[in-house]
Structure formats: C-alpha cells, structure tokens
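Structures are listed in the sections that come next.
Next come two complexes, and both contain chain A; in the first it sits with chain B, in the second with chain C.
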Partner chain A sequence: MKSLRALHVGLRLAATVLIGLLAMTASGVQAGDGLRIATAYKLMTLDPHYANLNENTSLLSQIYERLVFQDEELQLQPGLAVGWEAVSTTSWMFKLRADVRFHDGSPFTAEDVVYTVERIRDQLKSPSGGYRSYVSAIKSVSVVDPLAVVFKTDGSVPNLPLALSSVFIMKKPVQGFATTEALNGGMAPNGTGPYRFEGWASGEYLQLAANTDYWAGAPAWPDVTIRVIESPAARVAAITTGEVDVADALPARDVAALKKRGVKIASVGAARINFLQFEMESHTLPGVTDKAGAAIANPFRKLAVRQALALATDRGILVDKILAGYGTAAAQVFPNGLPGTSDKLLPIAPDVTTAKKLLAEAGYPDGFRVLLAGPAGRYPGDSESLQAITQNWARIGITVEPQAVPFSVFNTKRAAGEYGLWYGGASGEAVDIILDALLASPDKARGTGALNFGHYRNATFNAMLSKAESIEAGPVRDAALADATEFVMADLPIIPLYHFHHVTGYGPRIGAYLMHPRGWTTAMQAEPAQE
Partner chain B sequence: MKAIVLRILLQRPGLDRTAGLFRLRLRAGGSQIVLAAFVLVAILAPLISPQNPYDPLQVLGWDASSPPGTVGSGGYAYILGTDGLGRDILSTIFYGLRISLVVSIVSSLAAAMIGLAAGVTAAYFGRWIDAVIMRLVDLQLSLPTILVALIAIVTLGPGVDRIILALIIVQWAVYARMVRGVALSETRKSYMDAAQLLRMPTLRILLRHLLPNSIAPALTLLPIEIGHAIALEATLSFLGLGVPLDKPSLGSAVANGFQYLMTGQYWISLFPGLALLCLVASINFVGDDLRRRLDPRSAAR
Partner chain C sequence: MYWATIASGRLAQAALLLLAMSLIAFIGIHSIGNPVFNVVNIETATAEDIRQATTALGLDQPVWKQYFLFLSNIVRGEFGTSYIYHQPAVDLVLGKLPATLELAVFAMLVAAPVGVGLGLLAGRNEGSAFDRVVLRFCVLVASVPSFWLSMMLILGLAVLAGWLPSGGRGDSMLAFGQEWSVLTGDGLRHIILPALALALPNIALICRLARAGTIEVQGQEFTRFCRAKGLSARRILMRHTLPNISIPIVTIIALQFGGMLAFAVVVETIFAWPGVGKLLIDSIQLLDRPVVMATLTFVAVAFVTLNALVDLLYAILDPRVRLS
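Right after this comes the complex of A and B.
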C-alpha cells in the first residue's frame, strides 16, 4: 500500500516535470516579430534527398535550392543555374549563378552539382527516396569551369531541366559524403536558400533565420517558426486565435466560418488529380458480383461499362457540396490551362438515361454489385466521395459497397491486387510524369506505370506518349501531350473526379500569400503586411 | 412557524421514505415511457421515417448540409436538417436507433448467457476450473473495456456482426464475476446439499437448482450493461471502427457531424447525440429502478 502511494506521488511528480518541459519547449519555439506557420507537412528528415514527398521538400526548399525551379504556372525558372541548353541530343550544358554562398560561407561551384548528382545516383541506397529516377538517365556529369557543368545522358532526355527542378543542391564535403544519419543527427543543413537552419524536432517544428547574404537579397522575415500541426481542426483553431500567421491545408468546409472571423484565404487548383481506377487486366475481380452475389466476369474491361459509370458520376456534388466549392471537376490529369493539358477535354454532365442504355448494351441491364475502396482522410473529400458515388451509381442500378480504410492499409491491399475498383490520387511535376506513372503500361525497365495499379495497357497511347516525351520542352511537346491525353481519356482507363484546391489561411500580419499548385508551404510565399 | 411544522413532518422517516419512493417511481415511470417510445420508433423506423438513409437512391447529394426545416428536392421537409451527404438526420436517428438497440440487446443477452454459464460452472466445480475461469475474468476486467473492444474489432474486421461479437467478448466477464459470487453462496445452502444427497445428475443440479437461484443478479445487471453496450458501440463507430460507412448508427452519425462542428452545421452531431444521451439515460434509470426492486436488501421490494 505504501509503495503504491510512493509510486503515485512519483508519477505525479514526473507528470509535473514533463508538463514544465513541454511548456519550456513551447516557449522556446515562440517567435517575436518573425513569421509563424502551422503546417500539415510532417517534416521527418533534414536530408533533402531522403524521400521525394511534399512533407520534406516543401519545408526544406527554404534552406536548399535547385538549379531550376517551377513557378506558379509550372514553368521552369532559373534558380542556381542562370541558363541551360542542349549542346547535342545527349548532352546538356548548365551555366551556374555566380557569387552564391552556402550558409557556412563557402562558395557555390560546379563541384557541388557533381557531388549532388553522384550522392543520389551512387551513394544513397536506391531508389534514393524516389530521386534516383531523376538522375538515372545521367551517364556522367562533369565540371567545365567553376560556373558550368555538362550532363551527358543515356539517349535523348528533353526534360532533364524539369527532372533537375526536383533536386536540391548540397555542399560537397571536404571528403566522403553526408549520410542521412549525419544530417538528421546534428550536422547543420548547409544550403544556399533564403533561410538558414536554426533548430528542429522531427515531426514537431522547424526554426529558421534569415540568410542576410542571400543572392537575391535578404528575405522578408528575420526568423521563421514552422510548427507541424497534423489535425486540421487544430490548424483551424491556431489560425483563428492568431497563434500563427499562416496555416496550410485547411478543410474547405471551414472556410466560410474562418472568413467571418477575419482570416484571409488563399487557394489554388492543385497540380494533381483524384480519380476512380479500374483493374483492367484480370478476367475476374474481387468484390464484383451480380445482384444475387454470384461472381461475374470483369465488367470494367468493356468500354461501354466505363462510359456508363463516367456518365453516372455527378462531379458537381463532389465539387460543390463535398469540397464546398474548393475543387475543380476533372476531365484530365491536371487542371485545364497548365502546360500539357488539352482545352478540348471538359467534364461531362451526368446523364443517367444514356448511362443506363450503355450498361444494358454492355450486357448488364440489371447492373451489378461492386466494392469501391478508398483511403480515409488522405485527400480532401476522399471517404465522402465514395459515398456520393454510391448514391450516383445507384441511379443506374449499380450497388456500390463503399469501403474507406486507413491509407497504409489501402495502399498495401491495392498493390496486392485485392481491389477491383478504387479511388486514388496522383500528383507530379508535369502532365507527362503523371501520364507515365498512371496510364503508361507498367514497365520496370523504362520506369513507367508505377501508379498503374489497374494494369491498363494501350500500345498506341504508349507510342504517342513516348513520342511526345522525346520532343524538347515547349508548345510542340505540350500539344503532343494534350493529344495523347485526349486519345487515352476517350478510352477511360480512369474516371477523373476532381482537382482539389490547396487552401491556406493567413492573418493580419501577412499582406499577401502566393499559392503554388504543387501545394508547397514556405515563408517565401508570405509577404509581410505594410504598416 | 408553519414551515417548521411542515419540515418536521417531512423529516418523519415514514413520510420521507414514501416521498423518496414516489420520486423514484415517477422518474422510473417517465424513463419507461421514453424507453418504450425509443423502442417503438426503432421498430417502426421504415414506416415513419421520411427517408431511408441507407438507400442510396433515396439520399439526394444535392440536398447535403441543409439546415433544419429545409424542404428538400424530394418534396418533404428535413425537420432536423441533413448531413454532409444529404442524409435526413431524423431518419438517420430512427434507423441508427435500430442498430444501436439490436447490437446492444443481442450482445448483452449473449454475454449474460455466457457469463451465467461460466459463473455457475466456476462456483459449482470450484478448484482449478474456478481458478482458470476467474483468472481469465480478472485478466479481462483489468484491461480497459475500450481497448479490448478495439483489439477485437481490429482483429475481427468491420461489420455489425463483428461489433456484436466484440461487445460479447467485452461484457461476458462482468456477468461471470457477479454470478459466480451469488452461485458460491447458493452452493452452501441446504437445498444444494439435499440435491447432491439425492444423487441428482450434475447437469440437472446446475440447470434446475443453481442456475435459477443465481439468475437474479444477472438480470439486474442486464439493463445497465445494455446501456454500456450502446455507448461502447457508439464509441467504436465514432472512431470509425464500427458499422459500414453508408449505414450510420447513432455513434457514427455523431462522428459524421464532428468535422462540421467548426462550420456552424451543429445539427449533424447535436441531434443524434441528444438521441443517444436520452436513450442511454432512460435505460440506466429503468435499470436502476429494476435493481432496487430486485435487490433483497432494498426496502422497495
């Protein structure tokens, strides 16, 4: 009994100390006249080549820079490189920016570019967090002079500049190479970006200070505190109370109430797509039966069935009701207007009568039953979309059993072929990268079809896409990509649903916040309010 | 002066007890009516609901998030509003009551039967059988209920039948412990000795003599445990581990509205939550009353 009481007192003491410590860390993170950001992006590493996810790249892009970067129109702009050109079909010359210094004071030179490419290609464990694909076509990279490098490629690689727009440049160490462990465990990240690293806790916060020597001039904020707040409701609360100046990934349904409380809202259509995808290779499918529950042949192999389902889907409800207007109905992989999109592809209005007719002609006058899988809480409106589609398709006699599971479970089961029909999402730098991953035939050697879990194969489309990808960046390439998209979307290997909008809220200390379609959140996007 | 006399009068034990009993009866009587109304609504749900919220053809997505009183495109009014997918909240409550009541009653009855069997067996045979059963009960009761239920659901998978199974797993131990205590004192009574001396078959002794005399505590426990089961089912559904997405129970209806709380669409969570509160409270009051009547120590018997 006595020992129990001692234990109880001990526990209470420990709890008090713990709360005190937490309060101290919290106050240590408070900033004076700096910028305070609440983000959903859970930064887990300081290694810029650890994993190619917005979670890492968005926040690290304040410390590290790329040779080229994508602007708000997804066009390439000079970053650490001031210019680039294809010298021959298999080599590219990049001219580097002069008078750029890393945060430790050392100059940026061609050696650092070579080191960065070799770190990803040769030293990190493949696939180098997904970065390997950007440099795999590079046969060699060599220093021409301190401010020029030449990339020799394996065959023609017209989109090498785009590939390099994902690669952060690191400082070449005196010897060896920086391991991920060293970068996460105390070695200060050394970049060329507008903000320098001050401190962090994995998955909790990142503290930055202005890099006053920045080549484009000192940045707007003297210091920046970024707090990882994973719960959307908590981010809404943080921006409402003025605890932070910027909060990203806000739920669209909360926007009206936030505006009423004086929070300003910025939004942009995301360079990404959410869609329904069919398994199109197997002849029988898990979770697909006739109305009596008997197994049937895979109905999704018939174009008429896919057309009927697309016609029965009411994207208006998804966009207006579920996303509260912060979404765009989709007919292709990127929102209309971005490079490589087709202006002929527009979302079709639902048409139940035609859909029913098509379904009957395909041999399913009474419809069928299907399990529709999807992740819960991964994308805005994901599990609600499953239920809205259940309602839509009931009108043409199709009984849908919606099943939303945690993303990790969904991902594993989808990869294992346990689903016949599912809701998915894809994003990327450009239209061709999404087409390559989502709709090109799965091919390990060529690196295509990584997201083509439905095993869609269309030789004509593959050829059109490859041809478009061999053209140098510009309007001709974009037109060829648009043609390929028009061709493949007529075959409906996926039903495009919507492009959700990235929604960010900001407080009175911010004058303007510039949204990026890739969904990044950085201090550079926040412009201080004029007093 | 008058007030003092009145107070003295009221302080007389007899009068006070009568008044107390009267209040008790009235409260129980009120909750019996409320409970009966809930059960009636659950049974008649398909007849009295304006909409079948489980039929995707009847739910109109374009009417999503309508405030209470809106007349929808179906021509009828959404008295308590609609949720984010266009389901009528009133109808969802009616249908959700069915799931809540069926799940809790079935699971509690099954758990009571298993608990009775286990408790009586443990008490009658004693020794290692008693030890094994009771350690199992101790082990289970030492773990938080919600944790056991969560583990059970994660292992068994989602679905109404799995929820019932999970609730049985959670509840049987409570009955087993209570019944074993009563049965143990019964085994020491002379009628049990008589039965054994007459060399009655063991099964007959268990079923005809020990069981009927040990059943009272299980019966008083039943309504309280039904209340617990409703709350637990609602908790599991709230956490997204319960009933299927498109067939909301009261718990998942509250969860559906939870994400809309900050938006001012209070009705999605509030009304199912109130229904849940009234249901569990009325069951608890009725259970309390039943316990008082059946408890041999209570003078109300």
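Right after this comes the complex of A and C.
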C-alpha cells in the first residue's frame, strides 16, 4: 500500500509538471455533436437500487428519474410527481406527472411506483441494502388512480418526500421483477430520464442518446459519452487536450494552470463536512499518552481540551493552502446558507493564547501526545490536513503523530475502536441526516449514530433533534435543526474543519455548467455554447 | 511416457503453487481490512445495514470457514460474485482480458525485435559510436520511472504535437465475443502511446541482454571459426550468434510479458486503459476479494503457462536441453 501512495504522489507530481508545461502551448479541439464527459465516478452497476453510492447514482440519474429531486439549493422540486401532501400523520398522497413515457414507449403510472418500492423493500437482496433505509418506514403503498399513490407509514414520517428523492423509479415488468444480474447483463435499463441507455462497460464507459420524447422537452445533447477516468492526472490531461468537454473532481492545485489553458472552471461547496472526531466514552484511549509516554486518562472528555484543540486549529491554512481556495472553513455540518444551517455559527478563529490557557486549566499545561488517524486519498486534502493539524497543535504543546492509511484499513480500525482521534467525512441529503448519523447517540431502533464512532451522548441534543425531525419540511423545521446544531456544536463533539468544493472543468463547447452541492456529474448540467 | 511424467509433474507443481498463492492472498486481504465498509456507503449506512451486508457476504464466518468455502467453490469452477460490481468475478477478469492482451502483445511485438536487433548490432560494434548511443538510451529508459515516461509521452505526442489521443481505448470491434481495439483505426491510434510506454523499458532490458550476450559469443572460438570459414557478418549474427544468446532473452521476454499481463498498473492507470492490472489494484483497494482471487489465479496460470512455453522453447533452441 505504501508503494501505491508513492505512486499517487508521483502521479500528482507528474501532473503538476505536465500542467506547467501545458500552460505554454496552444490547444487544438476537435468538434463533434455529442457531449464527452470524463468522470471519476465509476459506474459499477446498472441496477439503480443496488448500492446507494454517488458512483452509481450520479450517472444513472440521466436514465432514471425520481418522484422528487433536490435542486442546487437542496430544495425539493417536482420530478415524476407533480405534487405531494400529507393527508394524515401517517399517510402521504403523491400526484404523478401525466404523459410520461419510459424509454421503451410504455406509459409511467402509479403501478410503477408501487413496483419500485416493493422491489427495494421486499425483492432485492442487495448486500449493501443501501436503498432499503429510504423505504423502510413505508408500511404500504397503494394505487389511488393511475396518476396518484398513497404511502402509509409507520408513525409520522415528515421527511418522506426527501427519502423518495433518492429512489429511482423503474418500469414494472409484465411479471416478476428485474434482477440485478439481468440489469447488468444485457437487459437495457428502462427509465424515464432525458437520456436513453446505449451501452456501457462497468468501470469504463457509459454511452447515452437523447430521449427525444422526454416530458420536459428533448435534452440538449444528441448523444453523450461518459468515460470513467479515475486518475485525476489523466482527467486533467483529457480536458486539457480537448478530448473531453467536461471533467469532474479536478484537483484544486491544477486549477490555475487549467485556467491559463482556457479551460473554464465551475465549483460549489460540497454538501458534506470533513472534521476531527474524538472517542468520548472510554476513560483510556489507544494512542494517547503524556509527553513521557505514560498512559493518561482520556483528555477529550473535558470540554476545555476540545475547545483548546478547536482554537489551535487554523482552518485558514487548510482552505487557502491545502485546498488552494477550493474549500470553505466549516462551523457546522453543511456550508452556511443551505437549509437547516445556522447563520450564527461561524468558523472558530485560531487563538493560540486562549487555547494554551484552556489546556492548562484542564490540567495539561505541558500538553500530551496523541495519534491522529485519517484516510489517505479519500477526500481532497485529507492526509495534508493531518500534517497541518500536527503543526497547528504543536504550538500549544500537543505532540501529534499523524497516521494516514488507506480508506478500507481506516474504516476497519475505526470500527474496531483502535483510534482515539481521527479525521473523518460525512455527507447526506440534508442536515438532519448527518446530525442523526454523526452526533445523535447510537441507537439501533432509531437507526441513529452510525458515524458516531466517538460514542458521543447528549440527551438534550437527541431530544432537540427528534423534535426538529418531527416537524414537516419547511422553515420551522430548518430553524429547529439550526437551533439543535448551535446547541451541539457548543459542546464540540467534533471539530469541524472544512467543506471542500466540487471542482469541474469544461471546454469551449460548453456555455455553462451548473454545479450541484451533492457532487453529481450529468449531461443535464452542461449547457451547450451558443454558436 | 517421458513427456507425460514431465507434464504431470508440472501440473502438480502448478496446483500447489495456486493453492499457496490463494492462501496467502486470502489471508492478506483479510488482514488489510473488512470489505463490508466498501460495500455499504460508510457515510450513510446504519449499523443494521452493515450487519446485514456482513451476513449477506458471508463475512460473519470465521476466516478458515470462508477459505474452505472459497476452495469448494473453486472446485465447482466458481470464483463468486464481485462485492462491488455484483457481476461474476471471472466475467470481470475475462472482460478486461482483451484490453490487456492486445496491449501486451502489441508492446512485446515492438519491444522484442527492436530490443534484440539493437542489442545484436551494438554488441557486434562494441565501443562504436552507435554502441555508445544505444547503451546510453538503454540506461536512460531503464532508469526512468514508468509514470514519468507515460506522462512525457502524453505531453509530447498527445498534448504538444496533438498526433495521438491521451488516453482511453477508442473505438473497438466485436470479435470472438469480446471488444478489441486493435481491429479499428481509432483503436490503433489509442494503443500506440500506452504500448510505447510499456515497450520502451523492455526494449532497454532486452537490448542490454542481447548486447552482453553478443559480446560474449563474439569472443568465442566458434565465431572466430565462422569468420575464418568466410561466412558473411550477417549470416554469423543471425544463424550463429542469435541462437546462442537466445535462452536468457526468451526467458526475460516471457517473464516481462507475464508482468505486462498482470502488473501494467501504472501505464493502464495513466492512459485510462481498462486492463487486468488496473482491475487488480482497484479490487485490492476496494478489498473485493472474489475479483482479487480470480485475477491472481489468472495471473498465476498465465505465469505457469508462460514458463512451460519457455521450457519448450529451450528444448527447441538448445539441443543440449533435449538430450538431457
């Protein structure tokens, strides 16, 4: 694995050299009709319900559609449903769009919605079970008329429309249900989306053609070729030579050179957060000792220590230097301004003097030693952040041993409780999803705390969060979520670091490229340039 | 009878090798980490999701049980289904095979004749200007890391000159039930750069071997005798020198060819060439055990086969091997 990292570092170096040299040369672009996209998302399956990973959903959203979708402000917009309302506390009525046809010509009806939910809930035995959580609260779904369905839920589920914004609608087959094997092996995916499936090879490419009968009008591009290029340097080369029109997930450090080459750049703060998290339950910690190497009690249980560490962390360096400006210093789980965020929470400014004072008051005037673990190469700036934090904290006397390991190793060790302090990432459809996973107490029945590897427990916060989640979607719910966030962030169960930006480059054939905070890459986001 | 004994010995050896390889790989992957964290979306999955996935993949069983289950499946010819792609692991490997095969064959078809030719000529004219140029070229190319070489090829021929595409396989054509790029003009244009990146270090390697061998053979009595007999320089080189230096060259060609099939990861990654090496490294990173095991088995079989072929070639090339 070490040689792999060396390889990545090497590739990056080489890319930097390449870009530098490229800046001096002219470009030659050949024009065609279709759109060519280079993406880091490797499409692994054509089954839209197999695994809930951006790798699949981003590309499949061109073929399949949802009842509702999240726009660039993360607000829900009508998709295959034209409207929805809660008819009682435990049932929702969805009115469906008329005159929508699947790619095989068959009409879209309420039967297809029922089939989709049942396929995910009852028939599909995908090991990841990724979509089951979105429909697990649905007790039954029934056809009211061909263009209306009613969902009955277990108890009140005010955010059902949000849950359904992840679920792709499939056509109900004449009999049985479509297996993952059938979808992967030759049976053409049949959706209602703006582009039809033409061909693919898993992890290599996806070929699409315009669905000229699309209900919102024919899409902009007659055909679309999406190439999976996982190496960032190779994506940079492809957009530089004009072999593709759009390349996503570009490294921030290459942006300046790409701009010089005439590549246009679009970016948006990601609806996700990278943070430091502590083990806060156990009284002793692996990897935490005093300066002499003797074991000490868990220092992270003291608020003053957490405050000192937060004050010692310089987010400005992370954002400006490591992410080259393509990041936003974080104070809460989503970038400020998105629904459910608080405008009162601002990134903590570094203050070494106060941090030192707090640390001394907490009983650590000489600091301590700590192992800081994190994944290498999983998030933009991850291993570099470990280095920067090591230097930051040295200024208040804390000796950090940064340890960046491959993501799968990191996950295994973190789940096994081998870390006391680590760098992590979280994302979700909405603020409450992240709060539930990251900061709510681990609770099997409620399904919360999946990412709460630090075992943080705060009954008041749990109650505030539950209360906010029982409110229907809208400003009241968002305000309650913001209140809960303000309350919990004062206790610093995590140290928010940054929201990195999704960075996409596009060539002269694209007039504008609309970024989405969820980080999707689709042909619909690329607007052709006016001739 | 003689050949049957050799063949059965070889097969037993190969089976033992595969068994040892599978055990090491299995334990190795198991100790890296738990694949379940790559199967579920770790940022959104609940504890219940993770538990279900663990059970569904059979990861809740003890390792030795998982290994015996794996072995018993192999006996039935099944490598299992990829955790990540949800396709049969063997299909995935076979799907990447044409890309790898055409790249490796193309690269070796360039590397072997050019390397041998340069080596023979340089060795015969030891110390000449030509020899010095060839030697320096070999040292340079052999010491350059392959990612840098690939990047420079992209920079020179794709970006600055704009003659060739920077990556991907280009158009392909269906033959023998698989997609092949070498059968289309566009595919050929795409294969040139990655094949060059693979071929150049091999040219250097083969050339140095051929040069050293030629210098050694040139000093021996039979070459002097050939010269005394009045044979033309070309005839001596092709009919007498070449066969005498070919054993190490054939060995290195076979080994390098095997390496290209399995471990051309760097070149495949930079040129976005979807081959077996890239599949292997991706699968190791995702801990996709069925695919790793299927790929490694394929690699081991390829090496065993290549070695057997080399031994056969020895017998053809060297009469002494036949006699013993």
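Observations
Note that in this section the second predicted complex is superposed on the first by the 495 of 531 C-alpha atoms of A that agree within 3 Å, B and C clash if a C-alpha of one lies under 4 Å from a C-alpha of the other, contacts with A are read in each partner's own complex, and residues count from 1 in each chain.
Rule of thumb we're sticking to: a residue touches a chain if its C-beta (ideal position, glycine included) is under 8 Å from a C-beta of that chain, and two chains touch if they have at least 3 such contacts.
The shown structure was predicted, so the numbers you read here are calculated from the model rather than taken from an experiment.
In the superposition on chain A, contact is made by A:53 with chain C only, not with chain B.
Judged by the touch definition given at the top, the superposed model places A:401 against chain B, while chain C stays out of reach. Once the two complexes are overlaid on the shared chain, A:253 sits against chain B while remaining clear of chain C.
In the superposition on chain A, contact is made by A:415 with chain C only, not with chain B.
Of the two partner chains, neither chain B nor chain C is touched by A:486.
In the superposed model, A:392 makes contact with chain B only, not with chain C.
In the superposed model, A:233 makes contact with both chain B and chain C. Measured by the number of chain A residues touched, the leading partner among chain B and chain C is C. In the superposition on chain A, the residues of chain A touched by chain B in one structure and by chain C in the other are 233, 237. Contacts from chain B toward chain A in the complex involve residues 55-57, 59-62, 64-65, 84-86, 240, 244-246, 259-260, 262-265.
Interface of chain C with chain A (complex): residues 32-35, 37-50, 52-53, 56-57, 83-87, 92, 95, 145, 147-148, 151, 154-155, 158-160, 162, 165-169, 179, 265-266, 269-272, 274, 279, 281-282, 285-287.
Considering their complex, residues 233, 236-237, 251, 253-254, 256-257, 314, 316-317, 321-322, 376, 383-384, 386-388, 390-395, 400-404 of chain A touch chain B. By the touch criterion given at the top, residues 1, 4, 7, 10-11, 14-15, 17-18, 21-22, 25, 28, 44-45, 47, 50-53, 125-130, 132-133, 180-181, 184-185, 201-204, 227-231, 233-234, 237-238, 240-241, 243, 272, 406-409, 411-413, 415, 425-428, 433, 437, 442, 444, 447-451 of chain A touch chain C in their complex.
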